[in-house]
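You will see two complexes here that share chain A, one where it goes with chain B and one where it goes with chain C.
The block that comes next holds the complex of A and B.
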């Protein structure tokens, strides 16, 4: 596609044409019919839905003009030329441009406990019922139905993780998704099912192996059954020219607890949508995020906490540090259904401005239909306190290092919520490498 | 031996002149106390020397070993050997004392040189023992939720770790009970010696019972109006600052 022939109105399918979809299906001929049917339905939906517009409330403050589906390669072919960073240690599964290139899941000794760490491709035949029940099964309520459909249509592979009843894993399961090559489109997916009273930590690492522009359209489905404890960490470190979408769905059942932490570092424009559904009494969802925005990066965060049963709890804390002329948008909503009495919901977006030119938009929201609830929400935007900066400088610390320390101090409240100390350190390291740039 | 020379220093906050021509030389090995009533410019003097951006030096000079430090950024002055023990130290949420001091030590190394972590912790723990500070202290955020005494001990710990040539101690005794004061004074006394010059800023004589100064200066309306030895502090204690005021008036 040459830039001189760009249409006057932006294409609503871009590079993801019917031909490209047919080519994608052709490479998955052996997949079960139900899976291919789902893809066809999703593609039709994607192709029919319009691109977001300036008047869409769910895209308020987003830069619509830079959202483009043109110029990407839906079925990329590329060789891995560079080393893939491994900040979290050796991954169980590594996907490279949508395809599995390394599988260490058997070596990790997980199968003995009945734990399943496999690919979506494998799951379509071996665990079809679980996949049907949980893969992209929750409603898309946060504005990106079109892109979520695109994900389902083009998803080639991904991680399928199943933790049986009562199994507790001490070591995190690491999944790495790599993109490389100019214009490459990737559709990473991670699906985690934590059965009754199981305990697991899963880390998704999204990383570019080169500096070229990618299109990433990923999703993760988290399901915590009765009494399960699921920790999910996603570290997004795509190249700085990448356009990224990531959709998270969390379902929390009775007395289960899900903690999710999203670290946003990469991409030129990254939208993250996160939905938590608290479906039975005692369910608790802790939604955490940290963003380091620099240059002209734009991070868009849309969240929804739905309390569908009584005595449920959600706690959202999103912290953004903004430098240069970067921008963050946060829009969060807590919905308490009429029957969800004794709901305890919290939502907080805190922003630290490191530059006069950065832009913060924050829209916290509540929609409460029950009368006996405790819901609090809030948003703060602050600058680096000059007295704190001076204090650090007065001890001989360079201003740049002093700023970094203050950003870490700001982030620590979130990082400290992670139980796993090595994971905490690895995330600190990733954040440090972005701050030190 | 090193010298800190303050020459005819004038300092303003905004348009208001606070220090109005102050001259004083401190050498390593010496402890000088500056006393005076509130609002006379004592704290302003210390902050201006340490490069606080709210304080403008309108004329005069501050030199270490004959070299002006006024063009230096606050962090450069610190690395040149100036330490300010704050009257009201800032709280830094989320930054532990261990990481904070480590960054401060790292800043003193040449570029590319890595801090020896084992040696660092060994030194840190020995200084903490000296100041009777619990080891758990290192994992607490800097000054966050500290009592007055803990904050001051934390300042003295930093001084002990960073080993300045000149320490400016701003109202180090304020907010301390007698036990905390004794611990802080012991900490300062342990660091006293040929390698350190101290400028103690205090409102009350009490601190000087524990840290005995070599010289005492009385500051009044932005200047030093009287200097003497430690007996001057006792005179002030007995006779109050009005006595100095009357003397000044008589001279005028």
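The block that comes next holds the complex of A and C.
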């Protein structure tokens, strides 16, 4: 296609050529015109934007050389035979290489209260207005406009969740996205709209059914209306050769609260961008993340907390544990707009070094334009405390177990913020299995 | 410290502009220029001829001219760093800047030999009579050349060399050439390249092994011509086990068009040496102050930057320490005050390059009115080192509702043998504190001033006495008219 004649120059579109895009559109002929138009606009943007460069501040410390879009097929043939792990119980929706293969939303009794749990494809015709207003509607401010456009251009399906006014769901809604086959490209999307005073927990589970290299380019849009309480958990467990992008956008309205927790386990290189916009007084966004990095994995986390109104609160806690020669980048920014007085913003990045070859880059930033605020941030990097290790050993605990206990203690502070106990246990299990490897 | 009951000190800014003995320093004293006959003047704009002209006036050796010409090429080829820095840099018109001028006078030794107009400058700065005698030992930079130096003779008895860059490179190349341009390479950034091409003035200091210089070496800088850029070059080499404190303070006349100040300061602390470098920067509010400062600390050496930025339109300055030897220590204490129209973009760089090196950064900034204070920092701990420690604290105080502060630290740590922590906070002056003080009879302005001074008090105490007194006075002046 493009790069065969010029092997030295990396293509800025890779396998996502105009032909591939045309092919993708052909499989979505029945979709409404506005949806296809959006995709065309997004594709044009993707194809025009350059790859990130070394001097790009939003890609500082990232390994740009290993970002390649070559060799991935946007529409692969799916192999449905594989067994899919279900750590969170039975999912409401399961997508296999972008295709819906199981829909248990009706069975789970979710729809009874007027809750909508459906696919994006369905929503394009049934809930077009909501989709138009919320799907990838927020600005891309964290450096990946190109890849976010790629997502919009090639997104095939995803979850659309709508919780009506005043409805509270006790059980989490589980969405599973599976990738399988070498070179598979997946574009998972989850859109959650929590209407006034509703309450819901949504879990995205990203998993590979085999160990081959995938390209995952996912996004989620979270919208919490007046007084809503939305908890979003994403567990990323792609294969260790996957190149992964995840874009999060959170909009928090008056007195609403959004808690998001991202667990990063898989991929060879994973970039996660998270934007929280606190738009009305009383809005609260809690941004949590845990990363277990092993081997030569690179996790790149970029966050932005924008306080657009007075009396808003945000609290970010990102914890990374690094083994082997892994690398994590954390770049966070709190922006307090000129009139957002009485803002209470916190941002904390804690790194636990478990190997002498691991590398941490931490860029906690603040841009404050109002004076009556409480804004603090902190970043620490250190190893397991030898005194604590000694204490445990003196109680007869094996050094290896003691070490693991301390690493878990490090993560527990984040996991404990989750209200849902079974969810907490499932996540702990996932982390344990990665640490035990 | 000034008496709190003195109403004079709390008058609005316009009134403070008149002679005010209790404040001691008239803020507008810097707003004048002298009609100096420049015997040597390179004209405006920059090209190879300018550089050759400067070099020939200074009767420099060929290697220095080559160094300058190479730097000019580097400067021309490098872009402005606006992908991360403020776009305000684009307002600098490099063609309108005067890159060199000199009074053509030889450095003076005694107070009597100092020209009257320089004495007059000290007068206008409100420096008391007794202090002036002390200042006779000050290396005062008038325009591009050092105007006089006296302390030189005293320290010379200890074997200390203290002279300007031209003299140092001419008389002592064997000492200075080895480290000149080595701590901060020409291509470090666009402005260090510019300085390397057109530098003049500045202090070169060599302290021999084991010598502890008792009194701080000082230099006052002044800019005194419109559109005139000042490009000092400072290199301080402190040999094994020796110690020195160096102080620089700046005031500048106010001009209608922007002025550029772009210094390069290199420090070299050999094994076990200690260097303390103190700066109080109070350029006029139209000056671009783009300075590169870096120290190289060998084994068990200690380099401490105390950096206070009050003036200028835009200051970009990140004093750094390269911790090259085992157990080296680096410290940056930074105070920044940004008032209307000012952007203080300051910070620190700590590059750990040996085991058991430690570094500390404490930064406090105050934003008044529409002022903007930015902290930018780098802490770098590369692979295969053991026992490195860094502690960074950044506190920002916002005075008015539309004041602005930013914090952009970058921390890189490789390996599990280190402890690094960074903390930052942003706050405003506590209403309760102000209320309490007003109840005790202070005006709101007095209370505010006292609070702000309290915010930086623990750092200000680290300055030598006369500097911390001056600092307090300057803060009082800046705080005037910021409330109500």
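By our rule, the second predicted complex is superposed on the first by the 429 of 437 C-alpha atoms of A that agree within 3 Å, B and C clash if a C-alpha of one lies under 4 Å from a C-alpha of the other, contacts with A are read in each partner's own complex, and residues count from 1 in each chain.
Definition applied: a contact is a pair of C-beta atoms (placed from the backbone, for glycine too) under 8 Å apart; a residue touches a chain by one contact, two chains touch by 3 or more.
The structure displayed is predicted, hence computed values, not measured ones.
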Touched partner set for A:401, first chain B, second chain C, both or neither: first
First (chain B), second (chain C), both or neither touched by A:411: first
Contacts of A:54 with chain B and chain C, given as first, second, both or neither: neither
Contacts of A:107 with chain B and chain C, given as first, second, both or neither: neither
Residue contacts with chain A in the superposition, chain B compared against chain C: C
Touched partner set for A:393, first chain B, second chain C, both or neither: first
Touching partner for A:132 - first (chain B), second (chain C), both, neither: neither
Chain B/chain C common contact set on chain A: none
In the complex with chain B, residue positions of chain A that touch it: 385-388, 390-399, 401-402, 405-406, 408-413
Chain A-facing residues of chain C, complex: 83-84, 383-384, 396, 398-428
Chain B residues within the chain A interface of the complex: 50-53, 73-75, 78-79, 83-84, 86, 89-95, 99-101, 103-104, 106-108, 141, 158, 162
Interfacial residue positions of chain A with respect to chain C in the complex: 55-57, 60-61, 338, 341, 351, 353-383
